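Labels for the chains are A, B, C and D, by order of writing; each one numbers its residues from 1.
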């Protein structure tokens, strides 16, 4: 991909998954209309989901899922050693995701309940950056393929990548949705980072904050407005905890 | 029940639509072209420091090249297709109709990409935009040019102008400060300015490095070195906001009238045409009303400094 | 010459999730042939505890990135039955269409991207893009149609946003239904291309008799809810899922096992087809006949073809569903409900087979107990036994080591196992 | 301007013919909110049945027909590093039905800003020229304050404006296209009685306003109150979500980003409507934020709306539709903010700072 004055190289790409549903990796194969072009940007060195060929000379690793077993820690550390750029891919990787809901229970209790009498290892769920350094995060449950495409293109072209800093409401308004607060629901749109094109609120369900907090959010004002409207605090707590993405913010508030 | 007689015909827009407000866009009366860039080829790239490079551009189309004129102090929007557009001051002489020079610091998205391109790459420019330094009004007086860091970039155009019309000016003092000596730009031109153009150049750095024999301190320290008649002198000050605020109030104390001090403001910009509103300072557009303002106006702009 | 052979496949490629295959032969005797699920468990059944019912489908859909719609709908069905919520007909239809979208997407992904490289002798689909561009295009077209159906009906193709308790939160938009209709009609061509390609392939001729379990409602090809039936003649009510599965766990595998009348049983496209052949659309039956696929077929490799046949059926049925959804005027889409205590099972036919969610709520509508039994769990024991039989036969036929390895991989892939699902 | 009277029945036939023959948008009921009030938006309409003639106000303005939320400014076709810039200024005709007087005033203001400045915007012009605007008068909602901004009536800027005079509409026809289309339908010259009914209707509208804001001298007050504590007070509530600017009929600030196509054979420069309330509105390379605080950014929006910028002769550009106030989740609205500011101005700073609502 040599151009006058520019040199672009395919990304030596690898994709790995840990504790997750693999939905984010699946997105890599979605948006079929541009899929061949998208794959054309990648030199796939290791991607178990779609290829049985495996090489360990990748530069960039997309890591999906959260960490909940000791063998995963070892695998992740090996990936970090090899990869020049390690991307936390998806909400599980960025924040722990829904898997973190398990952490509400005493360590060992879930395993004892589901596999009575068996030895099943399961550590408290951690996000990738709790274990190794992350160079870039692509949040979303699942990730938005359009955004992923843009980010991959910018990795190839060497332009710096950035996620939107503003909240989901911007995109929600652009889609002319009726605000869910007007319908009497709590929506995390005002505090959640945009970039998903407000897909949930457009489907008329509340944003659950899978993309994590937007930049510099006004949490006190948000909590205040939920209270003022007489909406259920319990509902709010359940939503904030859903993807574990507001953990850091909540810790600051209290 | 689709009926042809009720179909609204499509209307194209044309030049006449804008006849009532013939825009002054680099003498191109065709407003339709304000979004179209002049295609340029990068003819030379000089690395100045670790952070700055000087790009030499040549407008490819000869007609466009001959049409392009600018005034010292104006800027243009530099487009790198696929990456984005950034406002950059023109850093070369406005009598040079062959090439343009842009001194660019690697700062973010687009500028980082600019640092990876090689000679021969094609970019585009829109503009020139914005206000300029009142070179004609300054003629006949002394001039004080004060630059901090990258502020020397927009100062180069007026300096070229002064050098090319040297007999019209009295004393010309250039005060130039940087953090460390290795960040001083255009050092290779210093001798030329001093010897040939009889410019009094004073440099200062905040922190000395090995081999530096010059002064260290703040830029305002340099005022101790010079004696100027504040009543007969015009000043142009470019640099980070903190710097020009300090310098201008210093000049004010020394008795220079505020409307003879000029500064170039920097704000985020996306269009260059007073439409995106990103560069607003109070209720003034940096891109059309500025970037060059006299200090009196800046004092009156809310949130300027 | 007595043969020795060790096949050890760590993290089998082109399947969803992590599994290993081990084949070991000593002195010409098969010592071990097994597959092991090594996926990390996530404990969804525990996570949902204490969660309000309306939020549950959003959580359970995250069990799996491929069959998220099935999981959402299984939970929704369980909870709606537990709290006796009636669902408006438009919502029922939309959900059914959503299931079709998911199955089409999943089948297309499996057939064209995961399985077909085996038949073409490549490591992935990427070389096929050059060698079989038409086939890959057809696959992409079918997969994108599946995704589009899911998007129109549920707002997004992975992790649905508008499937909610009581119905759907947003009706499919009319203009999108219109495009969908023309897409469906136009993409039937892609199915012909696929059928032509698959008819040239050598499907391994291997049979091992087993019991096939699926849903059945007697009037239409199964999708959401119905009776539980088996090819051995068992028939039970949806709520009696425990008797149908007899789930048990074994050390060393985070995926559990099920059994009914025999040591193992099978679920999935082939099971559905075996139990409901007469309810397939005639054109789908024709496709099946073209491949000599008749009930009851005991060749696990034919699951690939059964998926293809289902795609034909789905396109026909989806076309009718879209048309009928377009005729609806200002529809009632969601029934409001009051939380109450109750318990029930929701069974749906996920792309890989029958999926059970059992939910118990308290009077505030919070989940107090949940149980999920996943298709791959139900196939788990069957895959083991098949692997053993297949390896044994391949050995006796004198196949080379790499041939055996490939056959075993292909067998596991034919089940289209969904491992992150099975270890939920 | 030509005036006609048309029966409501005949008018529906006219609208039906128009919307069936053109891409059209009109107010439609999209939801019922939790107070059982209907929610309206401008949505595609394909027959007169789709149009909610009795609508109150749309949640979002009609701005996006002229300034889309996202719009491609140019395309670059790239081959071997050579590129060609392509710009498409043209746009397809659309009919937009149901704009209010204040909505049309907003368009007139945008005309002023985007067409009469130094650099007229061809993108906007193309859309403006190709949009057939049909306006309707209406009785104000309790929180409308367009009368205070003097935008409750509008003299120009539409193709057709309809005033509801009972059985009939009193039409103000402002374009030859509208005039020609209407020839096909039964209309009549306004009679004395129609004029009376129109005057009555206007009175009714004008007297219907319950919200009044004193905006006299507001530009000067805004200048003086640049450092007022009012900004901090309201800024503390602001969520930085940009909702106000998105629904506003006159907010037009934007952002531009370039991106390569996935096939790397092209690139696109796109504009996206932005909001001055967003955190990075005034962030420059290196991370410096010229407006780091919520209050700074909120103030800036009021500055733009109520002080005005040089390009439109420092006129206020708010038309008083109160869409921002209605949409703001934090309950920030022009009336309260401006009244607060006036208080601040018209009473002693010290006492106000310690007054009860200062917390």
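Assume a residue touches a chain if its C-beta (ideal position, glycine included) is under 8 Å from a C-beta of that chain, and two chains touch if they have at least 3 such contacts.
A quick note: this is a predicted structure, and the numbers were derived from the prediction, not measured.
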Pair exhibiting more inter-chain C-beta contacts, B-D or A-B: B-D
Central chain of the complex, centres being mean CA coordinates: A
Whole-Å separation of chain centres (CA-atom averages), chain B against chain C: 64
Distance from the mean Cα position of chain D to that of chain B, given in whole angstrom: 36
Interchain centroid distance [CA atoms averaged], chain C/chain D, Å: 50
Length of the line joining the C-alpha centres of chain A and chain B, rounded to whole Å: 42
Where chain C touches two or more other chains at once, by residue number: none
Two or more partner chains touched - positions in chain A: 4-6, 157
Residues of chain B whose C-beta touches two or more other chains: 82-84, 108-109, 120-122
Which pairs of chains touch, using the document's own definition: A-B, A-C, A-D, B-D
Residues of chain B touching chain D in the complex: 1-13, 17-18, 20-21, 23-25, 31-32, 34-37, 39, 79-85, 107-109, 111, 120-122, 124, 266-268, 270-271, 273-278, 280, 282-285, 288-289, 302-303
Residues on chain B engaged by chain A in the complex (per definition of touch): 42, 82-84, 108-110, 112-113, 116-122
Chain A-touching residues of chain D, taken from the complex the two chains share: 30-31, 33-34, 39, 41-43, 59-60, 64, 69-70, 78, 80-82, 236-243, 246-247, 259-264, 273, 275, 278-280, 294, 327, 329-331
Of all residues in chain A, those that touch chain D in their complex: 1, 3-6, 8, 34, 37-38, 40-41, 149-150, 153-154, 156-157, 165-167, 169-170, 173-174, 176, 178-179, 181-184, 189-191, 214-218, 220-222, 224-225, 228
Chain C contact footprint on chain A (complex, rising order): 18-27, 29-30, 32-33, 35-36, 39, 44, 47-54, 68-69, 72, 97-99, 101-102, 105, 109-111, 113-116, 118-120, 122, 141-142, 199-200, 202-205, 208, 234-235, 238-239, 242
